[in-house]
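Structures for review follow.
Here chain A shows up in two complexes: once beside chain B, once beside chain C.
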Partner chain A sequence: MTEKELFTVVGIRPEPPAPKKKVKRLKGFPWISGILLALILLCCLFAELLMTKEPGYLDLQNFNVAPNGEFLFGTDTLGRDIFSGIWYGGRISLTIGFLATLISTLIAVVYGSVSGIAPGWLDALMMRFTEIFLSIPGLLMVLFLQAILGQANVLSLSVVIGVTGWASIAKVVRTEVRQIRNSEYVVASKCMGGKFPHILRKHLAPNFIASIMFMVVMNVRGAIGSESTLSFMGMGLPLEIISWGSMLSLSEKALLTDSWWIIIIPGAFLVTLLMCLTNIGNYLRKSANRKESNL
Partner chain B sequence: MSEILLDVQHLTHVFRLDKHAVIKAVDDVSFQMKKGEILGLVGESGSGKSTVARCIMNVYKPTGGKILYRDIDIGDKAQLRKHRKMLESLRQIIFQDSTSSLNQRMTVADIIAEPMSIHRMRPARGSLRAEAEFQLSYVGMDASYLDKYPTELSGGQRQRVAIARALSMEPELLVADEPIASLDVSIQAQIINLLRHCNREHGCSILFIAHDLSMVEYLCDRVGVMYRGRLVEIAPTAELYANPRHPYTKALLSAIPIPDPIAERSRKRIDFDEVSFDRDGVLTRIAADHFVLMQEEV
Partner chain C sequence: MRRNPFVYYGKKALIFLLSVFLLSVTVFYISRLAPGDPLMSYYGERVEKMSVEEKETARGKLGLNEPIYIQYIRWVENAIKGDFGISFKYKQDVMQVIGSRIGSTLILGGTGFVLTFVGALLLGILCAWYEDRWVDRLLCKGGTLLSCIPEFWLSLVLILVFAVTLHLLPGSGAYDVGYKNNVLNRIEHLILPLVIVVLQHLWYYAYMIRNKLLEEIGADYVLLGKSKGLSKRKIMFRHCLRNVLPSYISLMAISVPHVVGGTYIVETVFSYPGIGALSYESARYHDYNLLMVLCMMTGILVIFCNMIGQIINEKLDPRIKATEVVETSEVTEL
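Moving on, here comes the complex of A and B:
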């Protein structure tokens, strides 16, 4: 007799084995955007393998060269190879995007959870604060902070964009937490002795992750956009740190010399990346909504 | 078997709705539970049964009264802190609604193993998953359910998962808040048998909350009847069913259908007159172990 047989309860009718699960398909996943995004990510990650020139090297004999066999995407007004710069600078742009989003999401999750489980008055206070925060234009805040911090570098720019972009995610986290915190399975978990970190990890986070995924992806998009805007305006990364934004900041000079490739090429990459992220974000939002209505 | 496990003394719980409105959900309820006993708690919807259960589990802080668990005053902060870990593993609750008491985003295996992982218990059967599988087989479900989500299960299966989770800690006191209310009759019987088995084989005391009186008669050693937050009568099962004293108990018992058509036809229902209910009585002993809420005789 096995242990299992020893412990069977008299009279209990065993349930038939469960039917095999159907394989879930990624319904409506934007494949083209996904593949393009993956390509861009991979190329930027392994930029060293692709680069044909030193991206920061100022080739003073070859500036404003149109795309040709040697300089695939041409060179900019300072004589830098754009093809190499795209991959190398893309890495910087993406780093800022992800780092800023990581900072925003961390702040948002902590702030939102605290507000969600806090007593009514504290919650109200914290939410009013986020609303005030949200009503100040993000770019203005970034400019202000950047002015205080002085000359921007990758880290400081990420921090600045990160600490200004958490409020809307925090609001969603807070709403979700407030809904879940009194649900019976959280009460059950508390009865079993579950402490706050356990409840956050096992019960709260899995529930709000689905609903903030979309916002997180959009936050990456926003951060990359902010970096480009700032650098384009000459208030972000300086010219010598190559990013898609700082490459675009040369466009004014490029317009004077009719060098379309200096504007079009980094611009096209930027637009493609942002569009891919938007499509994926929209897919995530739709699938989160679908799950909810399936409950 | 006469050691007292749970001693509820003058438990009162008031919900404050706003500045002016309050609901007295539980009003001066006292009872004791012996070790190894199955105590039934019946009463109509809204009579405060779940609130009693939640006070016992430290979910609500009672407005008044005292609850002693093995001589530990669980309303006392210092004592609670000292014995918290022990209490959390010895007392387990099965909630009324298994749909909302299971996290939809966790698999059955994770749900059942949750209390064990919270208490960082060394699984006796190797891994938490093996432990979950064992508990699941104990409630009549096999390993193919381990990776399912609660939404993929039927109501009865969900309730069994909730029971398996509670039993995984080998509780000393199991509070079962209407564990069978939403299930069909054949599954009800299975779950009742399961609870009975736990009681007989593992000596687990059960506070069984229900409004189905026939199941209570079969399962419980003693039964308490609640009405509008008050405990109106408490007695050993046979005594209560044979000799109900409080008018509300009489009305409640007269509503049980009799599985014999001829007797059923002649069954008279006693109506309980709500206006006549006197909530200021005192629980008075009228026979050994039989207490009824009565007007104090001067």
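Moving on, here comes the complex of A and C:
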């Protein structure tokens, strides 16, 4: 047997297929939110097919136009078509949401697992650090970092949001790892020379994924919210990079001219998206808890 | 567990000082290592016309040429004497700049905090009382929706509705020109920001109260109370609420920074002249001295409130260990 095969011997026991459970698992799934979310995702993905105008084109003759037949959602103070901008900008908002969450989840998983496996004093130290981290309001930290870093782009914004949002996931990962780190299969894997990355991937991760899934979804929500707040305040994406947040950054001008569509339409999309994510997240939390209580 | 109070508070004070020290070093280094030119905030647009030598002299004058650790030591030395330097942008003593603005933030944050504290308690009790009836369901749905709305957008919508369309309330500033000492005028300006601050946090804590109360209602002593003929109201207020309050109070102590942090964003949207708008500016324009003091103030508030939360928890409910406080707060956050 090769070394790799040896390790898989002590991996998690493959669960017997249970078709009945699958039906049960989707019970209570928020279908409306799911469908809306899928719709928004698809529309943003295939934005080119939907767009009626070039989203970045400054139509100086038609600025501040209320929604009508030509400009479905009106135009903003710079003359850009909002309908096209919504789909095109949604991409950026979603990209930042997912990228930032990816970063924070990676940090959280590694940090939490290390802390869970580490000896007591190191664990205590690392957890104290996360507690301090948690007690600082997240949005303030993002604002502070981004303000200092200056002009943002998609990547830097994702990194800033990502590195400030890992603490609560890390805590859950750590608690889960603490519970299973002395299980036979982990010890056995260690005895056979399994290195940390291997144990993490094969033995720890499958155990905590269910319990962090809901936090990950909430993290996407938080990241998209932070992006829009930052861009709105003029510290996130500049106006040329269209996102829902940067579209909203024109709203102060819009207030002066009473152009409600510039404020309400992108914001409504934002809130809908966040609401869908929240509902799905809550569903995931409930289903993770249900599994636990069944055991 | 009996502790020597001297050792107990001594230890707390030591941790406090250590945290403050670490915080100051971190903020000092991050702000100075980050890209950006502090001269911009001092000289404004003129910087672009300055030659390289002129810039060098200007930096030397502001003490920005030395290695960072020497700058830090000098800052600490002065800070201990109570001298926090001048704000690059306002060319004024940092404390004066902050002093002229802090009142507005304290009023906004303080009132918002008290209203949130009381409102959440009442709402939570209401929801738990009518569990799964329409009141509870409506409030739960509404609360979830509210928690999804970004603070700044809610502010914008309220400004649009109440200030721009209905002309009922002013949408920006802390007072109208010429009405600086008019209390009524100030209150008018306070309403919208206050509503945002409260709405943003209200649900979060109300939900926590509701869930904790529902947990308590399932306990055995409720059954005992019921069987000896106590009314629902008595059980709820005399027994259940009493068990919930300690964790609520300590949670609220920890939440002070979050509520204050919320006011920072509201202030910028409403151009309300407070600390929030100031810290945003100072970070953006690399106004080091001002940024440093504002960060330290916020940081000290965070650390201090956390400690108060822990102490309250340990005093009120010895069963709870200090570390669990944060965990409860985290659960409700999600």
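Note that in this section the second predicted complex is superposed on the first by the 261 of 295 C-alpha atoms of A that agree within 3 Å, B and C clash if a C-alpha of one lies under 4 Å from a C-alpha of the other, contacts with A are read in each partner's own complex, and residues count from 1 in each chain.
One rule holds in what follows: a residue touches a chain if its C-beta (ideal position, glycine included) is under 8 Å from a C-beta of that chain, and two chains touch if they have at least 3 such contacts.
Everything quoted here is computed from the prediction, not taken from an experiment.
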Considering only touches as defined above, state whether A:193 meets chain B (first), chain C (second), both or neither. first
With the two structures laid over each other on chain A, which partner does A:229 touch: chain B (first), chain C (second), both, or neither? second
Contact-wise, after the overlay, does A:214 reach chain B, chain C, both or neither (first, second, both, neither)? second
Tell me which touches more residues of chain A here: chain C or chain B. C
Quick check on the superposed pair: does A:64 touch chain B, chain C, both, or neither? Answer first, second, both or neither. neither
When the two structures are overlaid on chain A, which partner does A:184 contact: first (chain B), second (chain C), both, or neither? first
Using the superposition on chain A described above, determine whether A:203 touches chain B (first), chain C (second), both, or neither. first
Using the superposition on A, tell me which residues of chain A are in contact with chain B and, in the other complex, with chain C. none
Across the complex, what residues on chain B touch chain A? 57-59, 84-85, 88-89, 91-93, 95, 97, 100-106, 110, 114-115, 118-119, 134, 137-142, 144-145, 147-148, 151-152, 157, 169, 186, 189-190, 193-194, 197
Touching chain C in the complex, chain A uses residues 127, 131-132, 134-137, 139-140, 143-145, 147-150, 168, 171, 214-215, 218, 221, 225, 228-229, 232-233, 235, 248, 251, 255, 258, 260, 263-264, 267, 270-271, 274-275, 278-279, 282, 285
Contact residues on chain A for chain B in the complex? 3-4, 7-15, 17-18, 21, 183-185, 187-194, 198, 202-203, 206-207, 294-295
Residues on chain C engaged by chain A in the complex (per definition of touch): 19, 30-31, 34-36, 144-145, 147-153, 156-157, 159-160, 164-165, 171, 254, 257-258, 260-262, 264-265, 268, 279-280, 283-284, 286, 295, 298-299, 302-303, 305-306, 323, 326-327, 329-330, 333-334
